[in-house]
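Chains here go by letter, A, B, C and D, matching the order in which they are written, and residues are numbered from 1 within each.
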Amino acid sequence: MTSEAVKESILEADFDAIVAAGDRVEPRDWMPEGYRKTLVRQIAQHAHSEIIGMQPEGNWITRAPSLRRKAILLAKVQDEAGHGLYLYSACETLGVSRDELTRLLIAGKQKYSSIFNYPTLSYADVGTIGWLVDGAAICNQVPLCRTSFGPYGRAMIRICKEESFHQRQGYELLMTMMRGTDEQRAMVQESVDRFWWPALMMFGPPDEESPNTAQSMAWGIKRNTNDDLRQRFVDMTVPQAEALGVTLPDPDLRWNDERGHHDFGQPDWDEFMQVVKGNGPCNAQRLVHRRRAHEDGAWVREAATAFAAKASA
Amino acid sequence: MTSEAVKESILEADFDAIVAAGDRVEPRDWMPEGYRKTLVRQIAQHAHSEIIGMQPEGNWITRAPSLRRKAILLAKVQDEAGHGLYLYSACETLGVSRDELTRLLIAGKQKYSSIFNYPTLSYADVGTIGWLVDGAAICNQVPLCRTSFGPYGRAMIRICKEESFHQRQGYELLMTMMRGTDEQRAMVQESVDRFWWPALMMFGPPDEESPNTAQSMAWGIKRNTNDDLRQRFVDMTVPQAEALGVTLPDPDLRWNDERGHHDFGQPDWDEFMQVVKGNGPCNAQRLVHRRRAHEDGAWVREAATAFAAKASA
Amino acid sequence: AADLAAYCLMLGDDALVLSQRVSQWCSNAPDLEEDIALANIALDLLGQARLLLARAAAADPSVVPALPEGSPVPDEDALAFFREAHAFRNHRLVEIDNGDFAQTIARVLLFAIARLAAFERLSSHADQVLSAIARKGAKELAYHRDYAGRWFVTLAQGTEESRRRLVAGMTAVWPFYPELAEAYDAGPAADAVLDQVLAVAGVDRPEVGPAAGLGHTEALSLLLAEMQVVARAHPEGRW
Amino acid sequence: AADLAAYCLMLGDDALVLSQRVSQWCSNAPDLEEDIALANIALDLLGQARLLLARAAAADPSVVPALPEGSPVPDEDALAFFREAHAFRNHRLVEIDNGDFAQTIARVLLFAIARLAAFERLSSHADQVLSAIARKGAKELAYHRDYAGRWFVTLAQGTEESRRRLVAGMTAVWPFYPELAEAYDAGPAADAVLDQVLAVAGVDRPEVGPAAGLGHTEALSLLLAEMQVVARAHPEGRW
């Protein structure tokens, strides 16, 4: 062994011990290159999801049907921008700048959550996204509060708190609409019909087709398998749907006494792959929007930089 | 006298004879430089008015409240584009290109009719513009069918025919709305209240403040004074307003048996001057719109030119 | 009759929504000649929409939304102005934003090609009204196809920028073409026409797959909010 | 009471319409920090609008549009969503399109300066509700003024392009400032603040006169068509 290799193996042992103990790895700590890369990819994807996720809900801010709901929605979308900001900062501690990540996003070289490639077609979708999409996100994210990388875990704690507030608001909107007119009840049902399967897809492909899960779990970046989380989400959501008075569009959905869990059908994984590949209903639209906003703002960012340079000169 | 000056005086005598006889001057005929300049200014202003005039009415195409009215309005605005086209062509016979005229328009160096610097605020405005604005335009333009410059006179014949069709359509829309709901009747009255005075301003300032009228009449470019035309318009419009059931917003408006004409009040000529100077409610908006459309289309025009060059190479 | 109504509604909604999009060019086109030509296309499509919506209403009155007792609103307007987005039967290709002139040309080309194939077939449809609409419309669509085809080639062969924009515009609308071609049963004849234009232009078919999903994009409800606002504010109005 | 209602309506409509405009920046701002800051401004103005519209309705219930018997729509929403454009009392400055970021900054700056002068005066208004709204709002407006003022200077002194855009944006909104300043009785104090920002930025007052006319521009009815569409489709809805 060279002295370099010896040093590396000691560092790796230290790192493994930290992770095994459930302690946090901090930015200045040594970490394996694979760990760093996986983290950057995961945190960036999460940050991008917050930013792209502003679009489907933002689509309804100007049309919110009451001033109270307009304020709630505007504040929620603003929170998503804030989440994006924390997460980009967490990524920057790993040595990748927000500019670079934005460049990768608008070049289509980094992903964001596929759920945001589905359109929002009625105001009920604002509620459904809060209830189902934020609900699924919370199931995914709560375990990440204990993730091994410090800045990411701390960002997740703050984000999860706000997300569960958003989830309650979404559910409350749907509940209020269900107490309204027949048309409103129909809107809610139609919206749930559209978002149920894409929400189940948010946990990723079935475990047997998710090759990176094992390594991510060993590194403490991921804490549960996709199928575990999906099951948890379904079990949590079914009674909420009953309380709301909507039907979930899955004929195979029923309680299984033996397993102590709900059985449920499989989403259309072909569609999932199509959307991941870029052929979802809104992939192109979302990227065009993000790219346009970024390019339209270039002169402003340049002006701010030039002004700061003059001020410090 | 030099021989050049002799030649010029003979040409000028010929020109004067043609105009005096009520015959047409054609593009290849000799004409005084002042005549040419006045014509270019007047025809260009008229062409620009057609093009800018597409905006206030075009504003309601996407919101027309019935498919029949949408078709009528779209066809009307299309006709305005056609009028612009004839008039720019008439101007081109005098040696000024459409490109050059467009450049002068968007640089704010040539005028268009001030009426189009007032906003359209309801669908009734589509009817009111047809009735009052096209009506006033026809009063101004019918005499121009006999104007001394051939291409201009011929363009005016075609334009006047279409304008009077538009005027009838506008009046018919208002008539239909007056047979509708109370809200619709109120919309019509509110619209007439806003457009009456600006329509009277379309004939230009009072004769004693219109210094160029005499020369233009001598040249056969203009056939009646501003005040004559204004009076003709008022006399024509009052019975139409009665038939419609709207009140014209002028407390001084009454029949004068002695004069055989209606007496009427004066528009706010200070406001007129402000609008002419560029401070109307929509001057900036209209020019920004025109400039943006022209600039956005530059790459298309360049592509067409490049393609034509390749095809003919 | 319900099938005929549904089919006419689909054809009518496509024409209505694309007419609305094309009419947004009014006073915004690159040149006066294009302003006039695009208005012509919008007018033709609007005419088709009116005939088709009226045919749908006559074939199956239950498709027409209920309005207040004694409302003077004709069926074509009840259908155009008083349905919500989810009740519209148009395809996504016609509802997405115009984009630039190149994207508009690419959309009009694809639409005219597929619809012309359908209208040629429908010219001998058993329903006399529909077949008459199709015969009249086919002439219009042939003009739209030729107009858009000429510009498609011009932009492809014009300047570097126009070619870049044309390819981008074609790529933006392409994912929404397959569902239209299928609904119109456009078939190999339409494919051949398209390939011919592409060959003359020297442009390849975009390498993007069909857009997943069905139904509408986010663009439709915004388009309808504007289109329907005056009619809805006056459900008993006369126009 | 009618005077108080009319005044609150004017103040409320200005806040509501500008909030709507500023909220259009959401997901479109030049950077995440600006997205968040502009959403804050929109939220503050929306909050002011809600309090002022409610105050207007309480002071004079006749200003509230009639809705179907038993409709659950609160007064603030009846006022926001069920009035036509001509019944809105806002000024033209707040309703015109956003333009680019520079034009938005210029508008927010002018609005905040004039309104802050009014709110400082209204902080001691005889109506306890209005004076409380004004005291709370004044703090918010001071923040908006400072935010817009900082960007005004940054853009004026940043690059050639940002300066060109800032001057163009200021010139575009300037003709609509005098009527607002007059309605708010903004006075010399507001003028002094404005001159100070202009001096630091090194920008002159634009050489364009006040826009003639009164009432609204063409922008308002389009803005309302979008803003009101869902509420109007469900006049008996609960949200």
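The definition used in the following text is that a contact is a pair of C-beta atoms (placed from the backbone, for glycine too) under 8 Å apart; a residue touches a chain by one contact, two chains touch by 3 or more.
This is a predicted model, so every value here is computed, not measured.
Undergrad: Decide which interface, B-D or B-C, involves more C-beta pairs in contact, and give its chain pair.
TA: Result of the comparison of B-C and B-D: B-C.
Undergrad: Taking each chain's centre as the mean of its CA atoms, which one is farthest from the centre of subunit A?
TA: Farthest by centroid: B.
Undergrad: When the C-alpha atoms of subunit C and subunit D are each averaged to a single point, how far apart are the two points in Å?
TA: 39
Undergrad: With chain centres defined as C-alpha means, what is the inter-centre distance between subunit B and subunit D in Å?
TA: Between these chains, centre-to-centre, one finds 36 Å.
Undergrad: Please compute the C-alpha centroid of subunit A, do the same for subunit B, then give the distance between them in whole Å.
TA: Comparing mean C-alpha positions, subunit B is 58 Å from subunit A.
Undergrad: Using the touch rule from the top of the page, what residues of subunit A touch 2 or more other chains?
TA: Those would be 63.
Undergrad: Among all residues of subunit D, which ones touch two or more of the remaining chains?
TA: 221, 225-226, 229
Undergrad: Between the chains shown, work out who touches whom and classify the graph as line, ring, star, complete or other.
TA: If you draw each chain as a dot and join those that touch, the picture is no line, ring, star or complete graph.
Undergrad: Okay, what are all the chain pairs that touch?
TA: Inter-chain contacts occur between A-C, A-D, B-C, B-D, C-D.
Undergrad: For a test of understanding, state which residues of subunit B touch subunit D in their complex under the given definition.
TA: 56, 59, 63, 118-122, 190, 271, 274-275, 277-282, 284-285, 288
Undergrad: Which bits of subunit C are touching subunit D when the two form their complex?
TA: Touching subunit D: residues 84, 221-222, 225-226, 229, 232-233 of subunit C.
Undergrad: For a test of understanding, state which residues of subunit D touch subunit A in their complex under the given definition.
TA: Residue list for subunit D touching subunit A: 16, 20, 23-24, 26-36, 39-40, 42-43, 46-47, 49-50, 53, 72-74, 76-77, 80-81, 100-101, 153-155, 157-159, 161-162, 165, 226-227, 229-231, 234, 236-239.
Undergrad: Enumerate the contact residues on subunit C facing subunit A in the complex.
TA: 85-86, 92, 96, 172, 175, 208-213, 215-218, 221, 225
Undergrad: Show which residues of subunit A lie in contact with subunit D when the two form their complex.
TA: 51, 54-55, 58, 61-71, 74-75, 77-78, 81-82, 84-85, 88, 98, 123, 173, 176-177, 179-181, 183-184, 289, 293, 296-307, 310
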